[in-house]
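One structure is given below, represented as structure tokens, and several questions about it will come after.
We call the chains A, B, C and D, going by the order they appear; numbering starts again at 1 in every chain.
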Amino acid sequence: MSRIARYFNPAFVVAAAILILALPHIAANEYELRLITLLLIYAIIALGLNVLVGLTGLVSLGQAGLYAIGAYTAAILATRLGVGLVPGLILGMALAGAFGVLLAYPTVRVRGVYLAVVTIAFGIIVENVAIEWDSLTGSWVGISNVPAPTLLGLPLDTNAYFIVVGASALIAYLVNLNLMNSRFGRAMRATAQSEIASRSLGINVAAIRTLAFVVSAMAAGAAGVFYVYLNKYISPDIFSFTDSVRFLLMVILGGSGTALGPVVGASIMTYLPEYLQAFGPWQAFAYGLLLAAVMFFLPRGIVGSVEHFLSGRMAEARPDTASEERPRLADIVAVNPADGSACLDARGVSVAFGGLVAVDKVDETVDSGKIHALIGPNGAGKSTFLNAISGVYRADSGSITFLGRDTTQLNSHQLARLGLARTFQNTELFSNMTVLENVLVAFHKEYRSNIFSTICRLPSFQRDERRFRQAAMDLLGYVGLSAYAHEKAENLAFGHQRQLEIARALALSPKLLLLDEPAAGLTHSEIENLIALVRELAANGITVLIVEHHVELIMEISDHVTVLDYGELIASGSATEVQTDPKVIEAYFGSQNFGDGPAASAEPAGGEA
Amino acid sequence: MSKFSMSAAIGGAAVFATAIALGTGPANAAEANPCIGNSGPVTGPAAFGGKSIRMGAEMAVDEINAAGGVLGKKLKFIQYDDRGAPPRGVDNVRRIGLKDNCVAMLGGYHSTVALAMRDPIHEIKIVYVGVIAANTKVIENGRNPNYMFRVSAKDRWVSKFLVAEALKRSPSNKVGIMYENTGWGKGAYPNIQAALREQGTKEVGAETFNWRDTDMTPQLIRLRKAGAESLVMWGLDREGNQIMRSLQKIGWNPVKIGAWGFAGNLGELAGKLANCALIMQTYSWMGKLEPRAQKLYATMQKRYGVKSQKDIRMGSGVADAYDAIHIIAKAIKIAGSFDRQKVYEAMFSVKHDGLVMNYDPAFERTEERHDAILPSAYKLTAWYNGELLPVSQTPCK
Amino acid sequence: MSAALQYFLAGLGIGGIYALVAIGFHIMWSSAKAVNFAHGDTLMLGAVLTIVFLDHGIAMPLAILLSIGVAIVFGVVLERVAIRPFADHAASIGWMLTTIAIGIMLESYATIEFGAFARPLPSPGVDKPIIIFGAGVFIQELLIPFVAVLIVVLLGIFQRRTQLGRAMRAVAFNRVAAGIVGINVLHVSMFSFALASALGGLAGILVAPVIQASATMGLLLGIKGFAVAIIGGITSAPGVVIAGLLYGIIEKFVDGYISTAAREAVGFSLVIVVLMLFPQGLFGRRELVKV
Amino acid sequence: MAALLEVKNLSVTYGHVEAVRDVSLQVEAGEYVSIIGNNGAGKSSTLKAIAGVVKPAGGEIVLDGKPIAGKPSYDVVRLGLSMVPEGRLIFADQTVEDNLYLGAYARRGGGRSREVSEDLERMFALFPILKDRRQQLAGSLSGGEQQMLALSRGLLSRPRLLMIDEMSLGLAPRVLETLFPVIEMLNREGLAILLVEQLATVALRYAHRSYVMEDSRILLSGPSRELASDERVVEAYLGRRKAS
């Protein structure tokens, strides 16, 4: 989270408000004031884009298209129907937001450069329509004679308009900040860093991405509306691909993911052309040079670099608070006593990749409150099976029942909401987020406060936030990580990362916890702690299904062990039973005699690279 | 913190509401500075247009300053880049008028930019003298007082001029129109239609094309089908070349007659295909020059690295800007002050023997005569073997 | 009928240009999983430099070779300074913006030095159109798609028959596996950029007689070429060429039968629709994502 | 005589995870050595570090007197050390023959010399099925055939030490029956082998010496024959603890 914003925000808001009120009186001339108004308009669009790029990790090279939609909506309404600023603003934002939903839809299927192409295409389409729909947009000639803005019937002069835009920019800043430091912002950053982990914590990734697109689109739309009333003239020239790049540069230059960065970036990019004029024909070259220099020397952006520098300083000063009494799990999250019924029941589950059958007709029943282990040699299909029952992969055949409900067709975020939590083989933490935030992400679905009360910081939000912060701190206390709550997850020692991942999973109040090789990379003493923890969880009524190659650990804690080999179930029973099963010994050691091996099963063909 | 920011926002809202009620405007300076601004394309594909304006304007300013300046003050020429984008042009008008506080300004290359400038020009009340952009409505804009003047071609007059020439060469009066899909082309289209109506006929078809289009065969096939005998064309050299080539592809050779956007290097691009394409111009640096022009040409060679007469791209722009600066300087002298309002009034009293023509007077108080260059000064030239020459010097008809 | 043929032939010529640009994107993507967004400007470099060299009295064949040489140097340097340092960036903002930045610089420098006017590049291919069933077309316009197809065929042979070509495919397939058989992945990546840039320069020289050389010719060609490469399936060389040719032909038919004005909107809407239906492009290989 | 491969105090980390801690081992010229141990014990990471696929965090790797720690894989293979990777990693979209030619990439000239063609024929003699399929795409081969191809590809760089990672992975015993004897034969012809294998019995039967890895460290080492009867090996695998 943005440290600068955390420490300086109140001061910043007051200072900004005073500055906005004072500027009309201290600006050298009207042109200067207009320039600052333009700066604030750019700040609005950059703040919105920051939600998309900085928080959600999605690149848009078509933001100018959304800006155009807001601008044309307001310009057409104002010139044809004499509509005032506020209705124009509402409609412009609504229409841009609707296109934001449309643009978000492709993210379900495409990412990275593919998404970049979709957004570029969108921007060009909007530009083309603006040029060609002559009767509506005036084509290249554009729309002029935009009347002066009115607010509640009162006409606004340059000064008053500046204050309106200033107040709006301040609101955009606060929205950005409040969104960033809320469950929505955390969910956005989580999906940017690990989509699969976000899903496993019950986050609907498509919904979160749509939200990000809508927020950024509405900001772009609002900026477009404000621009119309500032310049009183628009034409397709300012909504081109180059402008989309410029908006993106504002965010990157200032520092994407920080609250203040977009504002700083917008300021520089507003004033830059004024100074670049001195370069005459070389100004485009100087602009390119600046863009390249930013990427080379300040990839975190200005504010990002300052924060990075400061956070390095502050991390050293972190107090090492001794953890007090360890809370009881039942006091933090909902746990139900085990009733001995089947928690999870998989029947004939098969998963194939191409021609390769990774899991072949596996039956597995996990009784509630028990510790169940899944072992097998490398490549036996353990993780695939785990991914199938947790909804990451869809089983090609067979059925899965969780808590008496058929879940074969459910996504992982739906399963998570039903109480199925998991950890990952190679920990999937949100490494750029703090330890506390990592756990808070998992409480996302528990919040009752909606986006509106979140942004406005209404009491319902405050209540939720207090409650779940406390719960998250308690969970950290439970696994012994309280002292690291404000540390970035990536700075934790590996053993602590594993514990954090378990704490995060526990925040879902799980009925079933899937642990995928939780002991990998741990030291002996850490493994001892893990064993104690798993036992305690089971005692609290949480069913555990553990995949592990650390056989010693398995044999020590499991109530039931299932052995897979070549995707097939070859043994199932108590630890001692499977340990002496000749088929198991063979699978692990290889037979003394080749001919005696496991029945020459279908040889996997067409391996993957 | 969050509570605090919320109350700060509410507080801020309350304060700005009162501020709106008290809203004050900045005072306007009475006397402007002795500078003449310009917004034109300094970068981008039309940068040559911005450069031609700068050359013409700077040479005039230097002459005036060498002769002691105006009202005892040295004139200054300030050029800002608009890259052909109207909103940037609008910004530049405000920078010139509000920040630099210049006494007057020259217009730029693009008609779209000039059209967009009408509002801020009249807001600020600064004299604008267009030197290239020829769209009719830039000047004939229905405002009174009208601060927009022009020392350049006017599309409505150009349309009449070209249509008359086209009809002369079309036995059955069948004229097709090809115009570029820009503010300039779209602005001219109704002018061409009106000119045809005046002559008692109408076009057989009208087609558009975009910048960077590389093939015009679909449009030309449609025009040929409609029976066009001559083409009136509004566009620039690069697309003009594609028109010539596409005509060749479909094996059609109508009469081609175009506005001055084709006066740049069409002959170089299309070679012999451009032969006998007829182009209207206000001024030509080709051939033998009068002594005053020869002196200017020498200056261009020395100061701007111009190597040959063909190197002067958009030569009309150089001449128009040169004349415009002299006209503005004379207006300031007549006004006896750098007061913008007085300079505006004085514009109608200027008489000037310029490079393009003898302006007598330059402007009149009718909307139509805010244009200084009269159709009588328009010249019809023709491309022939890579050179743009007076029609009489070519075998073209 | 002859109108339809005319549109088809014209579309083939324009599509050939997109295809040539898209092949370059394909080659770069295969080896580096990143592309030069300024690839359109590589075409510009090839075309503009050839004219500049001709202006200096250098003979045509030498001028062409020199221009392609400069384009190669450009590609290699760009790969080193603008792509490699940002290759691991997850959201790929890094190399997108650095290469866009270099494109802006190159275009602006060329505008200053070369001038803003488009200039012709002489070629016998545009002297006279040939008439096929009443439809006219320049040889050069037919040459372009032909060269695009030829390059794909030659590229295929090169990648099958030569050790370096096999190495390129190996790097595209799996970088670790390529490393353990002794392929220097960085060298292959650099070679790919050199090859893509050489083809880019050549493409510029081939298209300049048709569309004229100018400092600003690259931007739109680059964007469209990249869009075409993506919808064709950037991992498949024949795929991007087929997509390029189709895109050009569709554009011309939209021009001819709907309206010149609707071209970009229709074309780019098609791009979005294709990507929604085929996230890997029409002929693309699914890029494996390990969970 | 110095060992062909000498690894001293090697450590490999992935982020915060120590996959290999302080591992030392050696392979003499012409020797057949195996590393056995459970999945996740650090065997593959050790091999990858030696081959230059991952950069070691510390320690020394000396091949024939030359330090190679930290050198990229494409340089290591030129020094006579070839790896057959886990999962085989053949170039599935290229033909069997092209895969083999790529195996010779690191050799001087790096292409189709007569020597390379002769070596190709030798591989076809070793695995005749590859000859039948030489024009087929490698991706269409069965798992066993792919492993044969991966082995042949590894041999075509003419290594002095061949490292094989988890050869048995995903293969039926019937296939292993043909593969292991081939490796033994290659070893008898003088090629040093470093085998990483999960199937302990098989590895212990063929290798002269073995190392047992557990929890990122080397637990035991010695002649295979002795290790095969060591109780601790069984423990390491199945976690059977003596009653305590």
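Here is the rule we go by: a contact is a pair of C-beta atoms (placed from the backbone, for glycine too) under 8 Å apart; a residue touches a chain by one contact, two chains touch by 3 or more.
Please read all numbers here as calculations on a predicted model, not as lab measurements.
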Name the chain whose C-alpha centroid is most distant from the C-alpha centroid of chain C.
D
Comparing A-C with C-D, the busier interface by C-beta pairs is A-C
CA centroid of chain C to CA centroid of chain D, Å
42
Inter-centroid spacing, chain D versus chain B (mean Cα positions, whole Å):
76
From the mean C-alpha coordinate of chain A to that of chain C, what's the distance rounded to whole Å?
35
Counting in whole Å, what is the centre-to-centre distance of chain A and chain B, each centre being its mean C-alpha position?
52
Residue numbers of chain C (touch at least two other chains):
108, 111, 173-174, 177, 261, 263
Mark out which residues of chain D touch at least two other chains, giving numbers and ranges.
89-92
If I count partner chains per residue in chain A, which residues reach a count of at least 2?
131, 281, 284, 608-609
Here the pairs of chains that touch are A-B, A-C, A-D, B-C, C-D
Residue numbers of chain C touching chain B in their complex, please.
3, 6-7, 10, 13-14, 108, 111, 115-120, 126, 128-129, 131, 135-138, 210-212, 214-217, 220, 252, 255-256, 260-261, 263
In the complex, go through chain C and note every residue touching chain D.
160, 162-163, 166-167, 169-170, 173-174, 176-177, 179-185
Per the touch rule above, chain B residues touching chain A in the complex are 1-6, 8-9, 11-13, 15-16, 19-20, 23-26, 42-44, 47, 80-81, 83-88, 90-91, 94-95, 97-99, 101, 112, 115-116, 118-120, 181-183, 186-187
Contact footprint of chain A on chain D as seen in their complex:
15-19, 38-40, 87-92, 139-144, 146, 166, 168-177, 197-203, 205, 215, 237-241
Chain C-facing residues of chain A, complex:
53, 57-59, 61, 105-106, 109-110, 112-114, 116-118, 120-122, 124-125, 127-129, 131-132, 196, 241, 245, 248-249, 252, 281-282, 284-285, 287-289, 291-292, 295-296, 299, 387, 392-393, 608-609
